[in-house]
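In the two assemblies presented below, chain A is common to both, partnered first by chain B and then by chain C.
And then the complex of A and B:
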């Protein structure tokens, strides 16, 4: 720790260190800590008419949390959200791992730049617009249904937006980049000679990945999985645009609470979701045996 | 050895093609639809090439600017 401060002082000077400390401190306090604490405070207070706020009835209570833990429907939706976010995470990881490996270790020269550009361009377009594009594809008389009818595979349009499939598909599409780049970054630092050596010694490609690439890419995989999971668990746009009335998501429950002016209950639900994400992050770190320090590399 | 390598190459090429089709087709569809005269956002039936969606967007932007008292 002392070494860290010494090198920082040497590299940046006193003013530089002070500048970083102040800007980061202001950011963390005003943009993260205070809003979260206000939300937490809201979640502990009962919803009261305006004249009672600050009065004797305005005390801290766990009532809002009890509402959540006794509401079986909302609990079910909560677990559905976790489960679906896990599906999104695993799908994104499965799709992205080969892409990241190809980009980092197989592709050479100008091809890398071209593929990178191909990955980034979709993200220049707003997430909502990309979800709208999927809405157009999956609609009852949308592109996919018309195509399948044209091919004669189906006679009547299928309602793709029933259930949770469309939302999961849309989320995977929207957040796949957040999986590619962390994995790509760590894979790029892997020495190609290690792969060649393993191959020369007769290791199968499966073994190379299992024994060399994956252990090396662990921090990237952990970061990618955490980001994808958090984004999937926290998005309200994807279920709003691609979900059907029969499928309701936890973020929509939170949204409805705020729209119905019950900010306190909404805050309690949001706190529960936030705790879930934090727990998931630490589980991923544990699972991949990655320290917080490695995560920042 | 050589044939297995070329099969590997074909698989990679196929995978990349599928992946980028998945990334770009929705956006391409959306762009095409922006020029279809159909009121409903669909590619088929194609009711002819039009710029009316873009023009109406520009007109709306102009109206908003005028309301805010700005001259263009």
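And then the complex of A and C:
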């Protein structure tokens, strides 16, 4: 640790070190800690008329949390959100693992650049616009339905936006990069000779992936899954734009609470969601036997 | 048991550029065979063709008499040791060695027994449970050898595996490799750019220039009777002088050069009037007495570098041609000083006249 500081001082000078410490400190305190603490504080207080705030009724209570745990509908939506986010995560992983492997170990030269570009270009467009695009594709008289009718596969348009299918599809699409890049990064560092060596020793492709590539890519898979899950569980845009009106997501419930001016309940719900994401992250770490340190690499 | 490897007419093209061209060689079962050549000569490509990582553009590779065309590397009776060893870093030593058996679904008990045997063979007692990253360079080498031998290959392919080791360890591993080869009787195909490595370990050496196999022979024959200018200049040190052949004398020819006219062997049977290069090894150059008339040079000694067992003397002829001579420190040689003018000579049996194939890397 002392070495670290000495090198930092030598390389950056006192002003440089101070600048970094202050900017990071300000960011952590004002952008992360204080907002979270304020939200946590909100979640523990009852909703009160303005004149009672700071008064004798304004005390810490778990009432808001009790509302959540006693509301069966909200609990159901919460678990559905977990389940759907898991589906998004697994779907994205299934799609992205081969893409990442192809990019990192199979494709060469210009092909890599072209594929990367293909992956990144959609992200030059705002997330909302991309979701609107899916709305257009999946609409009752949308491109997909018209195409299927044109091919004669269906006679009447399918309502793709019933249930959660469209939301899961849209989310998977939206978060593919967050899954591809962490996995691609770790796979890049895998020595190609190890693949050849495993092959040479008689391993089938499936075996090579199971025994060599996947263990090596574990930290990337853990990062990709954690990010995708958190994004899926935490987004409000995708369910709002692609979900059916009859099928709510937990983020929409939080959103409604805030819109109905019950910030305290909204804060409590948001805290529950945040806890879920933290728990999920640690579960992933445990599952992939990856340390927090490796995760950040 | 080893199997023979028959490489016939094998060429490999990458985008119209030949990495190897028309290679023909029959490697015997149980032989220690080395491909020796400078980097970029295509020797690694050749090894990868034998291992099945790629298929040749032309030609045929047979192992044990069986055509290997369309047989993938996982189904060939070969095992490869990579230049960087390519050990699996997330596995223990025992898991590394047992990998080939595991993917072949060998039962656990049998597998463990075999791994134990191999650990013994390569002298790695007590390291089975360690991660490969905890091992020294030499130990990693042994793990790589054991891992390759675990699958009972008929042919072991080695891609410069010793190049990362320091000199002392390299010498030791050379002996060790040779030893393991004799004990297991597996055919070894060894790739190297290090001539000492090739000459000391191999039963036969194939010298490669850019994509071409120049000469295949026993190490002493490669060194003593190089067939081409490339082999003569790549293997060992030589004094090299260009000239024209002015007379043929049986197996010998007389070459007229700027430094004088010299007799040498004429293995390529060149004719009078042809341009040729004469190669003379420094250790075959001696101090001349008056009784020697043939192949004699008068030189000034430029530098004398004393190495202990011998001294390397750099000489310059009147015309500025540089000559190197290696004098054994056996007391038979009078003391020479730098700057002194001396007469040296060499025997016509120790000099070679060869066509400059354009691939000489003098």
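Methods note: the second predicted complex is superposed on the first by the 280 of 297 C-alpha atoms of A that agree within 3 Å, B and C clash if a C-alpha of one lies under 4 Å from a C-alpha of the other, contacts with A are read in each partner's own complex, and residues count from 1 in each chain.
Convention: contacts are C-beta pairs under 8 Å (C-beta built on N, C-alpha and C of every residue); 3 or more make two chains touch, one makes a residue touch a chain.
Just so you know, these numbers come straight off a predicted model, no measurement behind them.
J.: Return first, second, both or neither, reflecting whether A:122 touches chain B, chain C, both chains, or no partner chain.
T.: Only chain B is touched by A:122; chain C is not.
J.: If we overlay the two complexes on their shared chain A, which of chain B and chain C does A:197 touch? Say first, second, both or neither.
T.: In the superposed model, A:197 contacts chain C only, not chain B.
J.: On the A-aligned overlay, A:17 touches which partner chain: chain B = first, chain C = second, or both, or neither?
T.: neither
J.: In the superposed model, does chain B or chain C contact more residues of chain A?
T.: It is B that touches the greater number of chain A residues.
J.: Would you check which partner chain A:207 touches, where first means chain B only, second means chain C only, and both and neither mean what they say?
T.: A:207 contacts chain C only, not chain B.
J.: If you look only at chain C, which of its residues touch chain A in the complex?
T.: Chain C residues touching chain A: 51-53, 72-75, 78-80, 82-84, 86-88, 90, 99-100, 103-104, 147-148, 150-151.
J.: Where on chain B is chain A touching in the complex?
T.: Answer in residue numbers: 12, 15-16, 19-20, 22-24, 26-27, 29-30, 33, 40-44.
J.: Quick check on the complex: what are the chain A residues that touch chain B?
T.: It comes out as residues 95, 98-99, 102, 106, 115, 118-119, 121-122, 125, 129-130, 132-134, 136-137, 141-143, 146, 173, 176.
J.: Which of the residues in chain A end up touching chain C in this complex?
T.: Contact set of chain A toward chain C: 191, 193-194, 196-204, 207, 211-212, 215-216.
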